[in-house]
Amino acid sequence: MSTAYTRLDKNQAAVLLVDHQTGLLSLVRDLDPDKFKNNVLALADLAKYFELPTILTTSFESGPNGPLVPELKEQFPDAPYIARPGQINAWDNEDFVAAVKATGRKQLIIAGVVTEVCVAFPALSAIEAGFEVFVITDASGTFNEITRHSAWDRMSSSGAQLMTWFGAACELHRDWRNDIEGLGALFSNHIPDYRNLINSYTTLTAGK
Amino acid sequence: MSTAYTRLDKNQAAVLLVDHQTGLLSLVRDLDPDKFKNNVLALADLAKYFELPTILTTSFESGPNGPLVPELKEQFPDAPYIARPGQINAWDNEDFVAAVKATGRKQLIIAGVVTEVCVAFPALSAIEAGFEVFVITDASGTFNEITRHSAWDRMSSSGAQLMTWFGAACELHRDWRNDIEGLGALFSNHIPDYRNLINSYTTLTAGK
Amino acid sequence: MSTAYTRLDKNQAAVLLVDHQTGLLSLVRDLDPDKFKNNVLALADLAKYFELPTILTTSFESGPNGPLVPELKEQFPDAPYIARPGQINAWDNEDFVAAVKATGRKQLIIAGVVTEVCVAFPALSAIEAGFEVFVITDASGTFNEITRHSAWDRMSSSGAQLMTWFGAACELHRDWRNDIEGLGALFSNHIPDYRNLINSYTTLTAGK
Amino acid sequence: MSTAYTRLDKNQAAVLLVDHQTGLLSLVRDLDPDKFKNNVLALADLAKYFELPTILTTSFESGPNGPLVPELKEQFPDAPYIARPGQINAWDNEDFVAAVKATGRKQLIIAGVVTEVCVAFPALSAIEAGFEVFVITDASGTFNEITRHSAWDRMSSSGAQLMTWFGAACELHRDWRNDIEGLGALFSNHIPDYRNLINSYTTLTAGK
Amino acid sequence: MSTAYTRLDKNQAAVLLVDHQTGLLSLVRDLDPDKFKNNVLALADLAKYFELPTILTTSFESGPNGPLVPELKEQFPDAPYIARPGQINAWDNEDFVAAVKATGRKQLIIAGVVTEVCVAFPALSAIEAGFEVFVITDASGTFNEITRHSAWDRMSSSGAQLMTWFGAACELHRDWRNDIEGLGALFSNHIPDYRNLINSYTTLTAGK
Amino acid sequence: MSTAYTRLDKNQAAVLLVDHQTGLLSLVRDLDPDKFKNNVLALADLAKYFELPTILTTSFESGPNGPLVPELKEQFPDAPYIARPGQINAWDNEDFVAAVKATGRKQLIIAGVVTEVCVAFPALSAIEAGFEVFVITDASGTFNEITRHSAWDRMSSSGAQLMTWFGAACELHRDWRNDIEGLGALFSNHIPDYRNLINSYTTLTAGK
Amino acid sequence: MSTAYTRLDKNQAAVLLVDHQTGLLSLVRDLDPDKFKNNVLALADLAKYFELPTILTTSFESGPNGPLVPELKEQFPDAPYIARPGQINAWDNEDFVAAVKATGRKQLIIAGVVTEVCVAFPALSAIEAGFEVFVITDASGTFNEITRHSAWDRMSSSGAQLMTWFGAACELHRDWRNDIEGLGALFSNHIPDYRNLINSYTTLTAGK
Amino acid sequence: MSTAYTRLDKNQAAVLLVDHQTGLLSLVRDLDPDKFKNNVLALADLAKYFELPTILTTSFESGPNGPLVPELKEQFPDAPYIARPGQINAWDNEDFVAAVKATGRKQLIIAGVVTEVCVAFPALSAIEAGFEVFVITDASGTFNEITRHSAWDRMSSSGAQLMTWFGAACELHRDWRNDIEGLGALFSNHIPDYRNLINSYTTLTAGK
C-alpha cells in the first residue's frame, strides 16, 4: 500500500517561468497583486538561491501582452530566454524543450500566467514526456477561482504535484544546517510575518 | 510514470450546448449573471471561430424552463437542434447521440445548465461510450458552490477534464500564428482586461 | 479509456437518513439553516416520491443530541427506525445493516449530520461491503468548510459519488414524461426560483 | 468494486505533533487563531483521552520559531520530544523515526504548522515507509487557502486520509457506551455548541 | 445628549409589501433564495399575527415582472391591493398613498424588491411626508452587496431605521406574556434553529 | 422630523464620467471586470436614453493611464471632453467646471475610476459648490473593499447620495408609461436576468 | 468643528450582559462559536478585572432559551441577576432599570444575544434615558451579517458607540503602568496571538 | 445645503505613525500581511515624498510588542520618536502632543496598529482638540472585520475622514504637473498594476 514520495531535489530540479509579462499580469485576479508579485519574486529568489537552472519564456512581448517583468530579466541575465514566435504551449516550441533538456534535470518546477494555459499546457506535456512536474500554485495566476480550480484538477489528475514557493524552498533545502542565514533571508524578504519574528528575536537577543 | 496528455484538437472536437434556456438560467447562482452570460457567449464564439460542429439541445422549451437563449439560436442557425421530449440526460435521447456520432468527432466539449444534471449526466454517459470529455466549467452554471463542487468531483473522478472557455480556446488554437487577429478578437470581445490591453497598445502604436 | 457510469436507479436505490436530530443540527454551520432544512426535507420528499426504501437512525435521542426532527418521523412512519444504543458508525449496528440488506437494494443514498462522522463512516463501511454509495452533500451538514472538504475528499477517494438532492432526483427520474406534475411539484416545493418560473408561466398561460 | 475502509483504531494509532511553536503560529492565517488554538488543544486532549502514544517535535526552538506552545509541553510531560537540530522534514531525523517505530503503531495521526511542510513532508515519508497516515486538517495551519489546498491535494493524491479532530475522536471511540462521560467532556470542552446542548439538557433534566 | 427612541408600536404600524413578484424575484441575488423566501413569508406572518394593516402593491403584473407571489395574495385576501399602472415609486401612485393614509398609522414597515428602488423610493417619500419608516432589510432583496449597501446608506441618511423581521416582531410584541404560544409559533415556523430548540425542549419536558 | 427627498430629475441632472481609461481600469479590483464593464456601459446608455448632458474627462491619456475606453468616446461624440493637463481632481480644472456649469444642471451624477480619487474629489468639490451629488457606486471602481468603503463613507458624510445605475434609471424615469420599450431595452441590454424574463415572456405570449 | 470624545472611564462604567443563554446561543451565526465564546468570556473577565458593576439578565430561562451560560453565573455570583418574566427589552423591566441606576454609573457597556433585539432595544432605551452607551459588538451575536449591520446602523444613528472588548479594555485601562501583569494576563488568556508573543518573549528573556 | 470640503494640504498636514511594532503586527488579520506591509511602507514613502512632518511613537518596545519595524526607523531617522512609557492613547502622552503641536500643522494623517485602539484613541482626542483628522484605513490593521468596522464607525461618527494612502497621495499632490516622475515612482513602487502599466508603456514608447 506504500506510495513513493517524489521529492524535490536541488540537484534534479529546474525552474520554468512562463509568460510573467506586464500586460498578461492584468488578467490575474485570483490573487491580490501585492501578494502575487511577492510570490513570483520569491520563486525567482528561490531559483537563484538554490542555483537551479532557470528558463524564461514569453509570448508576443512586442504586442499587448507586454514585456517580461523587468525584475525577472534582471534576476536571470544569463538564463535561456525563449521569446516564442507564436506557440501558446511553451512545450510546442523546440527551443524551449531543448533548453529544458539541456539542463539535464528531470524535475520541473513550473509557474506562470495564466495557470490553465501557460502553466497547465507545458506541465501536461512535460509529464507526458516523462518529467516529474511540480506546479508552484501561488506564483501562477489566472482569472478567478473557477479557472484556478479547473486547472488544478486537470494537472493533479495527470500527476502534477501542487506546491507553493515556501513548500518548494523547504523541500529543496532539506536541513537548516545547510545554510541558516541564506534560507532565513529568503523567508525574511518574502514573508512579513517571518521578518517580524526575526526582528523581534534579533532585538531581544542583541544585547545577550 | 508518464501520463498521456489528452489534448483538445480542433479537428477532433465537437461542442454540446445543453439547456441554456431563459427560465433555467434563473437557477444559476454560482456565477454572477454578467460573467456567466459572457462565458456562454464566449464559448459559442469559440465554437464558431474554430468551426467546431456544435449541437444544441433543450428540455421542455414550451414550459417554464423557457426557450433557448436567442443569442445561441442565432449563432448556430444550422446546427442540429434537439428539443428533447422528456429525457433529462441528453444522452438518453437517441437523436442527440446520433447527432453527436454524426460529427465523427471523438472529443466532446460540454457546457450547460445546471452543471450536476444537464452537464454531468451526458458527460458521464459520453465517457462510458468512449468519448474524451472536456467540461467547460465557467460556461456551466448551477445553484451554489456545493452543487458545483459535487458535480466537478463526480465528473473528474470518471475522467472528464475540467477546462474553461479561455483554456479551451488556447488549446484548440495551438499557435498564435495560425491567426492573430481572429483569436485576438475573440479575447477582446469577452475579456475586458484583454480589450483594455489591446486598446492601450493600439493607441500607443497608432502613430508609429 | 472508457469508465462505467454508475447511475442511480429508482429500483436499486435506498435512502439512509442518519442522525438528523434537533440537538445535533445546532452543530451544522457549513450551510445556512434555512437552506439546510429545505435540502433535508427535499431529500425526504424525494425518497417518498420515488418510493425508495428509507431507513432512519439516530444516536442517543434521549440525551443532548435531541430527538429526530419531527418532520422526518412524520414523513416515514413505517420506515425502519434504528435508535442506536451507542455505535457512532451506524454500520456497526447490526440492526441497521440488517435493515439495509433487507431492502435488497445495492445503491445507497446517504445523508446525515455531521458529514465527516455520521455520513462518512457508514459510507466507507458500505463501500467496503460492496454497495454503491451516493452521498447527498447538501442534505449533510457539519461544522465548517474544512471539515466538509476533508470528509468529501475521504469519501470520494474511496469511491463514493458526491451528489446533491436535485441531481439525485433528476437521475432517478430519467424522463420528465414519467410524471411531469410530480417532479414539478417536488421542485416547486423546494426551489423558490423554480416555483417562481412555474408561477409566472402558469399565470401567463392561464387564459390561453 | 469494493474498497477497503482503513479505519482509525485506538490500539494501532500514534499522534505526531509537529512544530506547534509560538513563533511559527504567527504564520497561520488559514484558520482564525481562536479556532486553531482550540483545535490543537482538542487534538492534544484526544491523544490523552485515548492514551495514544504521542510524539512531539520542534524546529529551532531557540530562534525566532519560538518554543513549543507551553500547553502541549504540559500535556505530554513524558512524551518523546525531538528538538530537531535542522531537518525540516521530521522524518529525516533518525530519532524521530525511531520514536515513531518504538510505538509499534502502524497508524499515524499527524498535525502541525505549516501544513505544506511540517505536516506534508513527514506524511509523505511515512506513507512511503508503509504507514497509514491520517492528517488532522483542522489542527494544521498554514498561510492561506492556496497553500492549504495545494498541500491537501498532494497528500491526498499519495493516499493520506484527510480528517478533523472531531472525526478522528469519533472513529477512535467507536461506541459511546465505551465511555459516555469522557467523550462528552472532550466535546464539551472544545465545541461550544455541544457544551450549550449539554448545559440546556442538564438544566432541564436536573430536577427529574 | 439624549436621543429619542422611535419604537415600533403595533397600534401605530402598517406594513407595505412592494413588488414581491415572481419575475422580479429572479433579480434578487444578495440573499439566498431559500432564506429570502422565508424572510418574506415571515414578515407576512408577522403582519398577520400583529393584525397590522397591510398594503400590497405591484408593478406591471401582466408583463415579465410576473404576478405577486401567490402566498402573499392568499395571506392578505382583503388587503388593499394597488396594481400600479406605471409609477415606479409606489408613493407616486395616489391610490397607494390614500391607502396608506387610510390606515391612520404613522409608522410604516416597508419591504420589497428591489431594495434601491421599490423600497428606497417610497421610503424616502414617506419620510418626507412625515411618516416614521422602518425598512425590513432581510425581506428586501436586490442585485448584489453594492446595490444593497448603497440603498441602505441612502435610506439611513434620510432617517429610515434599518430593521429585520425578527427585530420588528420582538419590538412589536414587547412582552412574551402577551402571548407566548403565538410568538413562539411565528419563530418556530421561520427560524429552524429556534424550532430545534423548541423540539428538544418539548421532548425533554414531555414526560415531566 | 421630516427629511426632504432630493430626487433625481431628468431635467436637472447631468452626468460626469471621470477617467474610465484603458490603463486605469486595470487598477479596478473591487468589481469583476465583466460586471464593471457592463455597469459603465449601462450608465452611458442611461445618459443617452434620458438625454442627460454628459461630460467626459481624462487624465494623461498619452501616458500609461491609457486612452478613454473607445465605447464611451463613440457613445458621446459631441460631449464636452476635457483631457486634463494634470489636475487630479477634475473640479480643479476650470474648463471642466465651466462645462458643468454650462449644462445649467444642479444635479450631478458622477462615476469614475478610481472611486476614492477621481469620483470622491470632484464629488466633494461639487457639494461644496452647492450641487446635489449622486454617486453611481457600481460604475465606479477601485482597488479593493477597504478603499471602496473608505471613499463611500467620506462622500456620504458630506451629503453625497450613493446610488447605482439601475436605481438612477428608475428614479429618472418615474413612470413606465413614459416609455415602456425604451426603458425595457436599457434593462434587457444590461441585466441578463431581466433579459431572460423578457425572452421567456415574449416567447410565451408570441402566439397570443 | 471639534467634537467631544466620550471616553470609557472605569469609574463611570457598568456592564450589562443580556441573554447569553445556552439555547439562544444556537441562533448566533455571524461569529464562529469558538471566537464568540472567547469574546463573551473576555468581556466578563474585563468586567471583573476593572471591577465594573455588572448586571446579568435573562429571558425565559426555564424554556427553550435555556439557562444563562454557567461560566457567567460563576463569574458574577453576587451581581444583580434579573430573570425577566417576559419583557423582551430589558429596559422595560423595572428591576433591571433600578439595578442599572443603583450602580450610579452613567456609561453602559452592553453586549448580548441577539444583537438587534437584546442589545439594541436596551441600548436605544438607555440613550433615550440619558446614558452613554457603548456596544461591545464582538461579544454580541446574531443570525447573520444583514441582521448585524442593520442593528449596528440603528444603534450608531442614535448615538451608541460601537466598540469591541479589546478596545474597551484599552480605553478603560488608560496606562499600562496601572498594572502590566493584570492587563497582560487578560490579553494572554483571550488573544492566542498575544499569548504567543508573550511566550516567545518570556522564553527568550528567561535566562537574561 | 453645501458642505465644506476639508481637503488634505501638504502645507497643513503631519503624519502620525502609531505602534507599527514587529510583535503587534502579528495581531493584524483584517489585511493580508503582504498587502499591509506594502501599504504601511507606501504611507511612509508618501510622508517622505511630500516632506510632511512625521512623528513615530511606540508602546513598550522592550516587551512582547517588539521594536518598531526597522524600515520605519530607517525612513525617518530624525523624526520625533516617542517611546511611550505606558500610555495606550498616544495623545495621553504629553511629549507626543507637544511634538504634534510643534509641527504647526492642523491636519493629522494617522495610521497604526491596532485600528480601534492605537488609531482611534488619538484620532478622537485630536478631533476633540480641534485638529482635522484623516485616518489611513489601509495602513491601519486590526484583528478582524468586526473590530475594523466598529472602529471606523466610531471615528467617522466623530468627524474623522476615512482615507487610504493612495487617495491621500492624490489629494496632497493636487496636480501631476507638480512632479510627474516623483508621484509615478511612488505609485510604481507600491502598486504592482500601476508598475505594469508603466513598464508596458515605457517599453512600447522606448524606440519612439
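Every chain is named by a letter (A, B, C, D, E, F, G and H) in the order it is written, and numbering of its residues begins at 1.
Please note the rule applied: a contact is a pair of C-beta atoms (placed from the backbone, for glycine too) under 8 Å apart; a residue touches a chain by one contact, two chains touch by 3 or more.
Which chain is which protein? Per UniProt: A, B, C, D, E, F, G, H = Hydrolase.
Keep in mind the model is a prediction, meaning the values are calculated, not measured.
Q: Using the touch rule from the top, work out which pair, C-E or A-G, shares more C-beta pairs.
A: C-E
Q: Need the most distant chain from subunit F (Hydrolase), centre defined as the mean of C-alpha atoms.
A: D
Q: Find the pair in B-H, C-E or C-D that has over half of its contact pairs, by residue number, in common with A-D.
A: C-D
Q: Using mean C-alpha positions as chain centres, tell me how far subunit C (Hydrolase) is from subunit G (Hydrolase) in Å, no decimals.
A: So the centroids are 41 Å from each other.
Q: Any idea how many Å lie between the Cα centroids of subunit E (Hydrolase) and subunit H (Hydrolase)?
A: Centres of subunit E (Hydrolase) and subunit H (Hydrolase) (C-alpha means) sit 43 Å apart.
Q: Would you kindly tell me how far, in whole Å, the mean C-alpha position of subunit B (Hydrolase) lies from that of subunit A (Hydrolase)?
A: 31
Q: Would you give the residues of subunit G (Hydrolase) that are in contact with at least 2 other chains, written as numbers and ranges?
A: 23, 26, 29, 32-33, 66, 191, 193, 196-197, 200-201
Q: So in the complex, the part of subunit G (Hydrolase) that touches subunit D (Hydrolase) is made up of which residues?
A: It is residues 22-23, 25-26, 32-38, 61, 66-67, 69-70, 191-193, 195-197, 199-200, 203 of subunit G (Hydrolase) that touch subunit D (Hydrolase).
Q: Would you tell me which residues of subunit C (Hydrolase) are touching subunit F (Hydrolase) in their complex?
A: So the residues of subunit C (Hydrolase) in touch with subunit F (Hydrolase) come to 197, 200-201, 204-205, 208.
Q: List the residues on subunit A (Hydrolase) that touch subunit B (Hydrolase) in their complex, please.
A: Touching subunit B (Hydrolase): residues 23, 26-27, 29, 59-60, 63-66, 85-89, 92, 114, 116-117, 120-121, 124-125, 127-130, 132, 143-144, 146-147, 149-151, 153-154, 157-159 of subunit A (Hydrolase).
Q: For the complex, give me every residue of subunit F (Hydrolase) touching subunit E (Hydrolase).
A: 1-5, 7, 31, 137-138, 152, 156, 161-164, 166-167, 170-171, 173-178, 191, 193-194, 196-198, 200-201
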